[in-house]
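Okay, here's the structure, questions in a sec.
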Amino acid sequence: MIRVTVWNENIHEKTNPKVSEVYPNGIHVAIKEGIAGDSFEIRTATLDQPEHGLTEDVLQHTDVLIWWGHKAHDRVADEIVNRVYSRVLQGMGLIVLHSGHFSKIFKKLMGTTCDLKWREAGEKERIWAVNPAHPIAEGVGQYIEIENEEMYGEHFDIPAPDELVFISWFAGGEVFRSGCTYYRGQGKIFYFRPGHETYPTYHHKDVLRVIANAVKWAAPRHGAKPVYGNSQPLEDIKGK
Amino acid sequence: MIRVTVWNENIHEKTNPKVSEVYPNGIHVAIKEGIAGDSFEIRTATLDQPEHGLTEDVLQHTDVLIWWGHKAHDRVADEIVNRVYSRVLQGMGLIVLHSGHFSKIFKKLMGTTCDLKWREAGEKERIWAVNPAHPIAEGVGQYIEIENEEMYGEHFDIPAPDELVFISWFAGGEVFRSGCTYYRGQGKIFYFRPGHETYPTYHHKDVLRVIANAVKWAAPRHGAKPVYGNSQPLEDIKGK
Amino acid sequence: MIRVTVWNENIHEKTNPKVSEVYPNGIHVAIKEGIAGDSFEIRTATLDQPEHGLTEDVLQHTDVLIWWGHKAHDRVADEIVNRVYSRVLQGMGLIVLHSGHFSKIFKKLMGTTCDLKWREAGEKERIWAVNPAHPIAEGVGQYIEIENEEMYGEHFDIPAPDELVFISWFAGGEVFRSGCTYYRGQGKIFYFRPGHETYPTYHHKDVLRVIANAVKWAAPRHGAKPVYGNSQPLEDIKGK
Amino acid sequence: MIRVTVWNENIHEKTNPKVSEVYPNGIHVAIKEGIAGDSFEIRTATLDQPEHGLTEDVLQHTDVLIWWGHKAHDRVADEIVNRVYSRVLQGMGLIVLHSGHFSKIFKKLMGTTCDLKWREAGEKERIWAVNPAHPIAEGVGQYIEIENEEMYGEHFDIPAPDELVFISWFAGGEVFRSGCTYYRGQGKIFYFRPGHETYPTYHHKDVLRVIANAVKWAAPRHGAKPVYGNSQPLEDIKGK
């Protein structure tokens, strides 16, 4: 049983009727319902909750955190960002969606600006699997087509991903590295591009499948236990 | 249920009493028994069998193939090598152990000489986990210690691994990239260094655990299905 | 002074008037003239020459080999392929262009099928720099636009590149990893996608600049000298 | 001509006679003199200078910054760290030495704790080249031996390097990824392990050669110019 927390800033849904029409209960609930299955125990958290819903207790009981934010990155308290950061480095999985590329937590983990090119014109996106054997691409065809999406284009200012799983094509002429995995500390991170708030992207079954696959991939293992700090020699050091 | 075939050239065991003492039923049987568990269905195959035990039928029903060879790489028929190669590219996992670095199948998949430095002096090896969150390192401490092993040293002439999981330290002064993952086609490959035939390495519980972890990691997914060849446009190409 | 040999199968140029119109002296000569500069000493070689123009002597005096082939991959003698292969592993740079993805030498170095999707419809290609700081992208804008090209699409069955420098967008709806670097042995390899024989791609100044950049990047260094084989201990092995 | 600035916190040299004996003019001057050559214009900067010697003007005229710090990471002003960070992302090369693994600038660029294991016992280190064709290994033998060094051991909590060039062996039983390259933004970073202040490591000719090689590798290119932000379509988006 993988314990998942879906975090959403949940602002567009309350202020933009176009968004609330698509996601009446919020993007977080759409994702929660969309990936629900036997192997996940899922809760949600939002910006307006105390500690943004990400208390020490919630994070200690979260195996994988999913993150959607856009308008209010700067309203996420640094203390909570640092808490999430520590948990990722200790092994919690993190899935960052779409405009979350500019979230404090993603930029802190990447070490770069995470800047990109964008355009809101409801154009076609086609997400090609370039590592078809990767567990995150499981069950997906050779590409995922989304009729209307916001464009994100290169250059995407990220570290070269440990594994590049998907590349997007956009009708307007751009490409984008849209499915990227990273190991950081004991944690695993997956960035997945699609999901502008005015389009029903999180009702698209293949988008949801990729997110569910990523949850399974990012769930922590009881891995090798690193030990840090001052350390006695394991061998005799001759002459010392 | 993951279907595993353990392949062994099985020559040292019949010609060298020191080896048959350590592995009375052969290295293949030691590995088979050592990784046996609920989620694996394991068979073995050896060089002296018809088609080296790797018939089309056997390979079609193998999810992960484990390979141990040393003395007789050149006696493995090219036809069988090509058969294994095709299966790997179609998605079968492959785990290459120790002296298998010079097998035809590994060299063909790597595209390099796979040469290295070696010494048979029964010295201490300490295998450090450098990617402790990787599923192949699951349940292993910060290192695995092997009291007596053959030394393999850098430079190891392989492509830079997709993921470097382990690095070995040797008492005689060398280091070695000893746990390396690769994606090739639809298949996943793991090279794991330890396992000289005269030492009881395949009775070491952490070595066996790494092999079992690797089997789970390398087992094929029903991934994105690539399509190759001449292809109609998905979009109107203006003016054409 | 970097010594470059441009190899071309040089068949289309003699059999297809559309091609000889674009490349009256052959693709090899267009590339030779297009990248000529102070720091290169360039010769050419073609399939129809003795030993395909790639004698031991020529290869021993070649720092970087550029390869264009398409129709006649199977007419390149295995002996010559093995000779080029050895030289690459010893440090000669190799730049494989366009349909060279299916050449014997590239497949042997990659270890995969190198298969892909393709379409000959003269559509627009836009080659985006995704690693803009890479020396191979030096002096190129954010993308290179080619008005008419053959499409190559994913999935491209190659090992994940050591560095991904360019991704192509095609009007017909596909993407492609079109600038890929690899280290193999002591040698460096760059695969660069564009260059169908019926289009004037090798007269495009940015395409030529990328090839020239790649020559500089791939030129051999007097690097660390690996030593292979049986090897004495550098340290006392206690108790031995 | 590559413009290099060598930065040193320069505290041990003033407070520990053992250090001032080895580096009477400071580590920064030893490195400056040690890598001096025709193609470098080198200045130094230290913590106690105004703005730590890293004014906007100095950084704007620095192609590659070399960083040595240990005792006083927390005394480097955040404003200066942010200034260096911005310059790296814009293309300035950065070479981080030894205990600089815990500097604010390295941790900010890596996104991880950069923690490790250590021991100060003056033991032997042997730095093996595992990517012998890499320009940073140019002219180095198969390994660099340092008679007395501080040990740094795995797990080293860094992102998997874009290229792993060196791995260290220590007499006391540990290994360490000691030569690591990273691309971040438009900049290139090289972490190089050796250089404890009480040992004459920066008088070792091969250590200096690696640093000089790294300066050449990290020097900025006039690369592809990325463009960020809101962006018009390059193609007609049908029906929009």
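Lettered A, B, C and D in written order, each chain numbered from 1.
Note that contacts are C-beta pairs under 8 Å (C-beta built on N, C-alpha and C of every residue); 3 or more make two chains touch, one makes a residue touch a chain.
A quick map from chain label to UniProt name: A, B, C, D = ThuA domain-containing protein.
Keep in mind it's a predicted model, so treat the numbers as computed, not measured.
Over half shared numbers or under half: where do the identical copies chain A and chain B land at their interface, same or different?
Mostly same residues: over half of the interface numbers shared.
Farthest chain from chain D, going by mean C-alpha coordinates, please.
B
Averaged over CA atoms, how far is the centre of chain A from the centre of chain B? Could you give it in whole Å?
Centre-to-centre distance between chain A and chain B: 32 Å.
Please work out the Cα centroid separation of chain B and chain D, and write it as a whole number of Å.
36
Multi-chain contacts in chain A: which residues touch at least two other chains?
124, 126, 129, 131-132, 142, 153-155, 160, 162-163, 171, 173-174, 183, 185, 224, 226-227, 234-235, 238
Would you tell me which residues of chain B are touching chain A in their complex?
91, 124, 126, 129, 131-135, 137-142, 162-163, 171, 183, 185-188, 220-227, 234-235
Which of the residues in chain A come into contact with chain C in the complex?
Interface residues on chain A, with respect to chain C: 126, 128-132, 142, 153-156, 160, 163-164, 167-170, 173-175, 177, 236, 238.
List the residues on chain D that touch chain A in their complex, please.
Against chain A, the touching part of chain D is residues 89, 108-113, 115-119, 121-124, 151, 153-155, 157, 159-160, 162, 171-174, 182-185, 224, 226-235, 237-238, 240.
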